[in-house]
Amino acid sequence: MNTNILAASLPDVAMEIDQRGIALPSVGIRGFRLPMQMKNESGAIQPVVVEAEVGVSITAEQRGAHMSRLVETLYEWASAPHSPQETPELLSQLVDRLQSDQANLRLKFLYFLSQPAPVTGVPGLLEIEVDWQCRYEKGRFESSTRFLFPGMTLCPCSKAISEYGAHNQRAHVRLWLQPDDRLPQLPEAYLPMVNESCSMGIYPVLKRQDEKYVTERAYENPRFVEDVARELTLRLRESNRLQWFRVECESIESIHNHNAFAAYEERTGK
Amino acid sequence: MNTNILAASLPDVAMEIDQRGIALPSVGIRGFRLPMQMKNESGAIQPVVVEAEVGVSITAEQRGAHMSRLVETLYEWASAPHSPQETPELLSQLVDRLQSDQANLRLKFLYFLSQPAPVTGVPGLLEIEVDWQCRYEKGRFESSTRFLFPGMTLCPCSKAISEYGAHNQRAHVRLWLQPDDRLPQLPEAYLPMVNESCSMGIYPVLKRQDEKYVTERAYENPRFVEDVARELTLRLRESNRLQWFRVECESIESIHNHNAFAAYEERTGK
Amino acid sequence: MNTNILAASLPDVAMEIDQRGIALPSVGIRGFRLPMQMKNESGAIQPVVVEAEVGVSITAEQRGAHMSRLVETLYEWASAPHSPQETPELLSQLVDRLQSDQANLRLKFLYFLSQPAPVTGVPGLLEIEVDWQCRYEKGRFESSTRFLFPGMTLCPCSKAISEYGAHNQRAHVRLWLQPDDRLPQLPEAYLPMVNESCSMGIYPVLKRQDEKYVTERAYENPRFVEDVARELTLRLRESNRLQWFRVECESIESIHNHNAFAAYEERTGK
Amino acid sequence: MNTNILAASLPDVAMEIDQRGIALPSVGIRGFRLPMQMKNESGAIQPVVVEAEVGVSITAEQRGAHMSRLVETLYEWASAPHSPQETPELLSQLVDRLQSDQANLRLKFLYFLSQPAPVTGVPGLLEIEVDWQCRYEKGRFESSTRFLFPGMTLCPCSKAISEYGAHNQRAHVRLWLQPDDRLPQLPEAYLPMVNESCSMGIYPVLKRQDEKYVTERAYENPRFVEDVARELTLRLRESNRLQWFRVECESIESIHNHNAFAAYEERTGK
């Protein structure tokens, strides 16, 4: 309470009237890390470590934002588990607390999915990079989600021209999604699509029988980065829940010191 | 010659007819590093080490791109110095060589500018991160340039509420530019604007007299990240050469373990 | 069971006899990420996301290591919470499971500590980077722990030569520790020492009264990186539990685009 | 000249007498980037962009180092091309200029080597990461050089157990060297050893005939990370110029989302 009295006596420079006449669409904090608990569609809770960026708009008259309130709001939110569907409520709180017209939020975290070995079934956890970018303005919420899945590509050209063998490599499959409901996503539903679109999926544990299986299936199933982008596109179209998506496959070429990539994007018009 | 005969006898899988009916807007290579020589407006040549991404579009019928041609084209280009104004010619060559409708190029490199100490004039070289994103389609060239300049911010709130001192820190000032001529840019013209927009510029060498000057000028000139974004906006508007720009100031807060940022963008409508 | 029969029929290349006569001190996996639960000295459990490197030695006769067993052992370990003191048991399991003489383990993770605002007491969580390097050979366990704490430095020279103000900045305080018991450490005990050794501590949330306090205390307490290294050394000597330590303070200079650092190390001889 | 008079009137805090009784072995700057010109054994000059760390020791009585002199010395050095063999002279200048007993220097840069395609001979430049760590004390100079070469590994186990195909991937081959003459090194002499020790070398450009060659040679030449470490060890022993070396092969496993590594080190006793 004493500290509030003190606060009242301190000048509030952020509230000064700015004369430059320039409203700023986003002012806030970045690289802020905190623990959170993600609740998925089946209600399971996974602890994650989030890197957050959060900002609000300020009017032309307002010199600055009260950034400590952004941090306080994030901490309060992180005190309980939340599903992705609840995210608009967080941005609504930010807008209220900062008395702003608009809020934006970016959350990046690793999320682990089960990926058991394909023959022996030995359990494994595959880490998926998740990146949510959300925006809330006048009661309207929008977001896009980016996932980074690992996969494997085996080069069709190398296989076709060689007597034996074919170069293959780990690839990064990036997926940007805007579903019809505009909400951020967790990656569960997309891992099977990525596994099918690559020459083979990637596994944390492989025993010898699994390694034989993975090697042979990849050789039977050569895929350029171009093929992966197209195969994934076909599967995403079928998912029927997306108003927009972008796919990108980037392979860590085993024969070069640079990567190969192919990108595609589509708006369904809904 | 023998190798050309051999090549002719090898299947060209990239040229196979694809049945999936999906044209890809960008297929190529990324993370490719090579030495180049940048020629600035006054004709001076600076050797740089570039990280390149280059891609072309492929039609729905074409299974893949001939990626080795992208590398060969880059090497040929890098065999002589080039000014930014010549970049459309590189993309034109890519389109021709790959028989594509469209090419895109991204070049990231460090570029050094003179930034002598403010009082003693001791010479120093300040590194500026440059990032060009270029696109060429049907004879039409477009690009945007991103710069990362370092600067200093001194917090107006901290100064106003404290008996003495004020927290200050290094900041990253990012500038995205699309000039009227749509060409990529080198950073010479923008360093003075950044130095003026921050509480103080950043210097590679400061002797004691310089350090006194820098400390006092920064204290006399407190700037929030919001102030830097607005000051830079005013200066960019005056430059009168830009059809679009975006500015962002991100300060490595000395009192927090996270950063503060403010962003603004503007299209002049030309 | 069928898969075990199959496994038995597959050649085990890693078990081939190697003819090159070179025993390898460490063979294993790196960049393996998994969730773990850290139990601190008071029994509290914190979920963390770990990046692990784990390896074993192989004899000159053995062609390779069975790396999938390293992953399986890590997963089993991560199925329950563990205190740092239990880590030797994990390495003992690795040595047994891989039939090796020696195992080494590196775990890197973010660990959050409470750091409330200094005046208002608003709660905050400060992330500390933790890096354990452990080694187990013939029943003997050794480890060193590295922490990265954030702190603040305010330049004594800048203060002394300037009429007003002083440049200050975020700093990274790195601490490498080998305690008498050779066990890996969590950072709780060291945060107060770091806060005292810097010009000021770093806080996730600061209200205006806090910001005034932090600004003024830092100005009253100027510290070079050299001072921080020495102050921390004095405090670590008093802790009386360490057989070796190394300290390093690296400040993200607000007046330069490079950092300043000072390092010191000491073996107490125990 | 006026500025020198001013300088004389400003207090020199770094020269204050420190009471804590702790001599610091290394105080300096880090993350300092500047252009340099490297002259190799045949006299060819390659422009590079260097990231430098440079420090000196200070006595227990001295409060701080004059860090601006470190920057000035680096700039003067960089004004002309230098061979690695001249590096002791740079450290000698640092010791003189800072009136210190000891200086240390770390330089990291990319260095490009010719690596033409193996069949067609199409030219290519392979980037090698170079990292020099040097130390000079009482007229005695020591250094170690670290290189990062890219290479390719094809898994012998995967090949042996599979009907067809074998997983393969890009690998990072790291080499730490201390030659008999204690001088830092450029990578020319080591690239052939790395290419021979891996399943195959890595090439910036490969035409179809080259890709066939690379694919088939790699399949004929399966190598675990353990094999690469041992093969490289055999070749380094023959080089007969090294008093100490360490090798490490880390493969970006195509079947996993983590890497495999093998390490070895040897002191010849010279």
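Order as written gives the chain letters A, B, C and D; numbering starts at 1 within each chain.
Methods note: a residue touches a chain if its C-beta (ideal position, glycine included) is under 8 Å from a C-beta of that chain, and two chains touch if they have at least 3 such contacts.
Please read these numbers as outputs of a predicted model, since none were measured by experiment.
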Let me spell it out: compute each chain's centre from its C-alpha atoms, then which one is farthest from subunit D's centre?
A
When I count C-beta pairs in contact, which pair ends up with more: A-B or A-C?
A-B
Between subunit A and subunit B, what is the separation of their C-alpha centroids in Å?
25
Interchain centroid distance [CA atoms averaged], subunit B/subunit C, Å:
35
Please tell me the distance, in whole Å, between the geometric centres of subunit A and subunit C computed from their C-alpha atoms.
27
Where in subunit A do residues touch at least two different other chains?
10, 12, 32-33, 71, 127, 157, 161, 204, 206, 208, 212, 256-258
Residue positions on subunit D within touch of subunit C in the complex are 10-14, 18, 20, 22, 24-33, 53, 55, 58, 63-65, 67, 71, 156-157, 160-161, 224-227, 229-231, 233-234, 250, 256-265
In the complex, subunit A touches subunit D at residues 126-127, 150, 152, 154-155, 157-158, 161-170, 200, 202-204, 206, 208, 211-212, 214-216, 218-219, 252-258
Okay, in this complex, where on subunit C does subunit A touch?
3, 6-7, 10, 12, 32-35, 46-49, 68, 71-72, 75, 110, 112, 119-120, 122-125, 127, 204-209, 212
